[in-house]
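Here it is, the structure, as structure tokens.
By written order: A, B and C. Residues from 1 in each chain.
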Amino acid sequence: MHDFLMVLDLVGTFVFAISGATLGVRKQLDLFGVLVLSFAAAVSGGIARDLLIGATPPVALAQWHYLGVSCAAGLVTFYRCDDVERLRNPVQVFDAIGLALFAVTGATKALAAGLGPMGAILLGMLTGIGGGMARDILVARVPVVLQSDLYAVAALAGAAVVVAGHWLQLPGPPVLLAGALLCFGLRFMAIRYGWQLPVAQHRRD
Amino acid sequence: MHDFLMVLDLVGTFVFAISGATLGVRKQLDLFGVLVLSFAAAVSGGIARDLLIGATPPVALAQWHYLGVSCAAGLVTFYRCDDVERLRNPVQVFDAIGLALFAVTGATKALAAGLGPMGAILLGMLTGIGGGMARDILVARVPVVLQSDLYAVAALAGAAVVVAGHWLQLPGPPVLLAGALLCFGLRFMAIRYGWQLPVAQHRRD
Amino acid sequence: MHDFLMVLDLVGTFVFAISGATLGVRKQLDLFGVLVLSFAAAVSGGIARDLLIGATPPVALAQWHYLGVSCAAGLVTFYRCDDVERLRNPVQVFDAIGLALFAVTGATKALAAGLGPMGAILLGMLTGIGGGMARDILVARVPVVLQSDLYAVAALAGAAVVVAGHWLQLPGPPVLLAGALLCFGLRFMAIRYGWQLPVAQHRRD
């Protein structure tokens, strides 16, 4: 079980890193910039969570796997960016897997650090969406997660399942699985059917 | 006294959240984005202060009031944004109250955490202005506090009064009140009379 | 030796602060905004490193020298910005000195906090480049360090020398000197000969 989670975690890291690297290539960053965006997109959510629960140094700096996997994803994207762009659809699916995994593991880690239900749900969501936000802020654009699609809400739902299961003292693994499946399912349906949140009706003067 | 401070703190949170939500609506974010901007504008200053003094998890994540009040402000603004825009003047006054309160409580908390006078003044100011800076960075615009108006200086002055009072071992409540009144007064006069800081004369080539 | 490092540290702080203030003046920020950019450019790298290793409050808030030196640099730049712009070449050289010094001291501090080799190299680099990234994000532009020039790689190389020396248990001072010289040398050559990293070939649709 633990090895399986580890593999999924590294797959999620790889796919998030690809999203960062792809944006870096489009923005004409140099090789170093592309690698920074890969790493930032992959680990910023987890680093923010670790800082907020006081777990220093963050796992992503203490273990080399995250940097290694992020740089591998960045290098592949840098040198084969057109191939990577052609794979957009499978990448979106893996991204949804990464989101689901990061949200449930983030919430679990926050609960273990003693946070209340609300804090744990927020940190689970932040673990999932923080990387994409950091990626976008680094290239000075409004984070896409604030603008469109059912993305953060899927992470929120997955994290909420984990917290509810903890509250009800249900056994851990099935709760994690249920949370991850709900998050992945919502995100997948949102991609498939274009589900979106409402945008405010604002009369421009 | 404590209850009164608590109420003012939540009023400040509500008003700061409205400033975030209003910007989110103008930038055409979706409902989730508007709520994130509400929460970020309301609590980022306090979260940054708590991280910098090592007080994890930050109060704003450990207690649900802040999220609750921020989301309430965000929902009101999202669904009634034209009404909220019409209330701009009262909102500015409440914003000045929030600024004053956040600056003096932020400086107090930093002193209690053992920071020296300079660090405590800086963290008091950061508690007051950090939310607005995070709000602006999230929509990729230069923080307004860096560009115009006597805003940060008012927070700085309020925090400095608190630190000076602590230095002189004056009793706490009147010092807090004096700091808050100075901050509010400066900010109010700046709005009323358009007080601004100088901008550098820079010959463009 | 310690006094000498202290002087170099403050020189680095001063020069980094000038780079922040110069950008603030160009972006037409007011006096407060220029001082914030000075301070952010000078200390953000060190503050991020201290947060990530759990050393709170960060040195830059606990000691007043950093704020004092940053504000002095900001005021000089604000009132004499045309003179400062004319000194661009010497400023670039001092900036390279600051980068070298911050990278090696950052890596040393991270090793002392118990980080592994990879984490220490990353944090050394971050100490060197974090200030410039914060400065650029605050004015909503893509950090220049992501786009051009051999800048971050020089910091990375300097930090790597420190970590390798620690690994081989070589004596500290000569290793620090070697790391700083390598970083400075790479950066100087990059300025002198326009060394750059590759940019991805991306077919725009």
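Here is the rule we use: contacts are C-beta pairs under 8 Å (C-beta built on N, C-alpha and C of every residue); 3 or more make two chains touch, one makes a residue touch a chain.
All figures in this text were calculated on a predicted structure; none of them were measured in a lab.
K.L.:
Imagine the assembly minus chain B, everything else where it sits, and name the touching groups.
P.N.:
one piece
K.L.:
Can you give the rotation angle that fits chain B onto its twin chain C by Cα atoms, in degrees and rounded to the nearest 5?
P.N.:
120
K.L.:
How many angstrom lie between the CA centroids of chain A and chain C, rounded to a whole number?
P.N.:
29
K.L.:
Touching two or more other chains, which residues of chain C qualify?
P.N.:
In chain C, the residues touching two or more other chains are 51, 54, 137, 140.
K.L.:
Over in the complex, which chain A residues touch chain B? Could you list them?
P.N.:
Within the complex, chain A contacts chain B at residues 51-54, 113-116, 118-119, 122-123, 133, 137, 140-143, 145-148, 152-153, 196-203.
K.L.:
Touching chain A in the complex: which residues of chain B?
P.N.:
By the definition above, chain B touches chain A via 24-34, 36-37, 47, 51, 54, 56-58, 61-62, 64, 67, 78-79, 81-82, 137-140.
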